Amino acid sequence: MSATSLIKELREQVARLHAELPRNELVVWTAGNVSARVPGEDLLVIKPSGVRYEDITPDNMVVTDLEGNLVEGDLSPSSDTAAHAYVYKHMPEVGGVVHTHSTYATAWSARGEAIPCVLTMIADEFGGEIPVGPFALIGDDSIGRGIVATLRGHRSPAVLMRNHGVFTIGRNAGAAVKAAVMCEDVARTVHISRQIGEPVPIAQADIDSLYARYQNVYGQEPAK
Amino acid sequence: MSATSLIKELREQVARLHAELPRNELVVWTAGNVSARVPGEDLLVIKPSGVRYEDITPDNMVVTDLEGNLVEGDLSPSSDTAAHAYVYKHMPEVGGVVHTHSTYATAWSARGEAIPCVLTMIADEFGGEIPVGPFALIGDDSIGRGIVATLRGHRSPAVLMRNHGVFTIGRNAGAAVKAAVMCEDVARTVHISRQIGEPVPIAQADIDSLYARYQNVYGQEPAK
Amino acid sequence: MSATSLIKELREQVARLHAELPRNELVVWTAGNVSARVPGEDLLVIKPSGVRYEDITPDNMVVTDLEGNLVEGDLSPSSDTAAHAYVYKHMPEVGGVVHTHSTYATAWSARGEAIPCVLTMIADEFGGEIPVGPFALIGDDSIGRGIVATLRGHRSPAVLMRNHGVFTIGRNAGAAVKAAVMCEDVARTVHISRQIGEPVPIAQADIDSLYARYQNVYGQEPAK
Amino acid sequence: MSATSLIKELREQVARLHAELPRNELVVWTAGNVSARVPGEDLLVIKPSGVRYEDITPDNMVVTDLEGNLVEGDLSPSSDTAAHAYVYKHMPEVGGVVHTHSTYATAWSARGEAIPCVLTMIADEFGGEIPVGPFALIGDDSIGRGIVATLRGHRSPAVLMRNHGVFTIGRNAGAAVKAAVMCEDVARTVHISRQIGEPVPIAQADIDSLYARYQNVYGQEPAK
């Protein structure tokens, strides 16, 4: 497929996936964004800055290089583009990145506290606890560096950036969106469980067994 | 009715009942499933694995035997099929099974704590506390065994499987879905009540009286 | 207006008002019901038992006398009819009654704890705290007696029946529905406020002043 | 543009913005209102009193002077008009005002507690903590005075009026609505974070840096 038709397809996919964010109650107003790597090119497709979800179309998605510079599009790229770009540049296996301020996950991030692996669903999808990344200011590559430093070599596709929100990665943008939905769901369930007592831990051997099965056999095709 | 037309009808019913799960906020993404026994046959109808709720149709529901082996359908059965099958095999009175990770019920399950009978609605529908089942790995019949060991001889049609989620049973799939909706509703209300104090217990004689009435006279026909 | 055309109009009104219950997230499944007195007759219009909200129509509403006996309709009246009927019989100023198990209000009721008047909105609508009524079994007039004993002479149009749920009253069914919506809203806000500290009390003179103004000048016509 | 066509346009804008309130779950029933200043005139456009959200149209919006006296319209202005009018009269830079009883923000207000700046999103939009205003009775200009006394010279466009609810301001009505949505979102996230521990503070220099960037470079044009 040519780069042009690939980008056209990814514009549609990224625009469509943004609808999952409000639908799964992961965002309010314009906060939150999804991007996809353009395979074989040093490019990514991402939401423009400050555009509301109901106004998102394939045509107003923008294309940038892996420094976050605008390559194609009429609007400024999301102010989080530098973080997305840094991840694609330093984690070649990543094809999609999602950023949200989803309520429960962000509440854990504000305390700087990892989400413990006390549900089989966490073991399945995240393979252990969901880790916390450093506090970082927006504007340079410090958010990107914090994401990569935390997720490289980690089973979890999600990181709770301290006092900020969530970034998730995936082999494509759809997988990163799924991780963002699951992250908020387990952040909420474990929070609620801890409100009136202590969840029972799951043994490490059971976590490993659940993770191995889910990554290999779940769904109609391998999940990763 | 022939087995063929019975299966056709159950495919429609099971597909339609899956819509109740997201509608009542019991599931996110693809988690959660409904099944129905095919009366008079050692068969069940269930959701395929990894299919999203908006893509569920009567045609993509699958049929398995009571070992969980695929009998009819183009997709792999839900990864929870073995648990459903085990229940049908060992509890002949059960005609429907539902599995969810609904938030509040799962939060109780993560603490391994039964939901106490402190609401008339719990007495009505569950006849007492909603019990906790054992921790069990997915992949063999250990989840099924845990459900049956907990619910056999128990008034409650719902069990909180530890660190995992909820299974409910009913005389048909609709009754099991109703139990799943009620279970989450009371899990939430009792959780919230306990957040800032202790709910007042209901006397056992009152629980028995509420349960007896509801099972016999509620609705336009007997509820069970 | 003749009794016949009055009943026709009330069937439409009561059916339409039931839609406010799920819309305002006050009920799940079939729990919860609205009724209206037929002015000038010893009759009331109410929801039938066990019918789901999407299946409610003016035609399947039922009419009973003030003992709860079916007078008109093909289905059994709600199992809460005796409580509604008792209220109409003993509180002639009441034209509408609503019953729900709305989550936060029911959570307060499970602790047997009144909702304190710590919001101007509570002073406006309820004129002080929202009181708790006694524990009562369904099936005779004990729920109705508990409601009347609590609300007669009280400013509040809502009572939290212990371990059960909420009943609200109004000069008509619409006012009772509004009270049910407001009751859940303030039950939730005060609950959340109390989770991490103590709300500041409002002085009794200010409560009286807010209540007097709201009952007299709010809206396009007097609220009562 | 003539005052007449300006008012026509603002009626449409204010009517349309009211739909954001229920959509973002900031209001129940008729509580909550949006107003806009008529630039160059001592007039404002606001919701009428006691009208439900689904019945709001450009035509039933009302116009008042900056004392809250009705100038144009068939219905009584919102009972909160005096507070809106006072703000426009004393803060000439304000073009829009919003009032809600949104759940989490109101819960903080009931405790008389400011929302601490522990999220980058709070630093971005509010520039520091969201402050508490005084308790004030409705009916004279005491609510308006409390808002102005709290927000004048403050970075935050939102004030938590004690035991009451939220008022937000903006350069236009859209910006005030955005502030109301953001205020509830961060009120909820910080509340949840604090339920089971203490959020990590953000250093003042980082707050200042985030605020400066967001006010200057975010979106497709300056946010203020």
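For clarity, chains are labelled A, B, C and D in written order, and residue numbers in each chain start from 1.
Here is the rule we use: a residue touches a chain if its C-beta (ideal position, glycine included) is under 8 Å from a C-beta of that chain, and two chains touch if they have at least 3 such contacts.
Computed from a predicted structure; not experimentally measured.
S.K.: Return the chains common to the contact lists of chain C and chain D.
M.R.: Touching chain C as well as chain D, we find no chain at all.
S.K.: Determine whether chain B and chain C, two copies of the same sequence, contact each other through the same residue numbers or different ones, counting it as same when over half of the numbers at the interface appear on both sides.
M.R.: different
S.K.: Using CA atom averages as chain centres, what separation in Å is found between chain B and chain D?
M.R.: 45
S.K.: If you average the CA atoms of chain A and of chain B, how many Å lie between those two points?
M.R.: 32
S.K.: Which parts of chain A, given as residue numbers and ranges, touch two or more other chains?
M.R.: In chain A, 195 touch at least two other chains.
S.K.: Flag every residue of chain B that touches chain A in the complex, lowest number first.
M.R.: On the chain B side, the touching residues are 28-31, 48-51, 75-76, 79, 101, 103-104, 106-108, 110-113, 135, 137-139, 162-165, 191, 194-195.
S.K.: Applying the document's contact rule, which stretches of chain D touch chain A when the two form their complex?
M.R.: It comes out as residues 24, 118-121, 178, 181-182, 185, 188-190, 192-193, 195-200, 202, 206, 209-210, 213, 217-220, 223.
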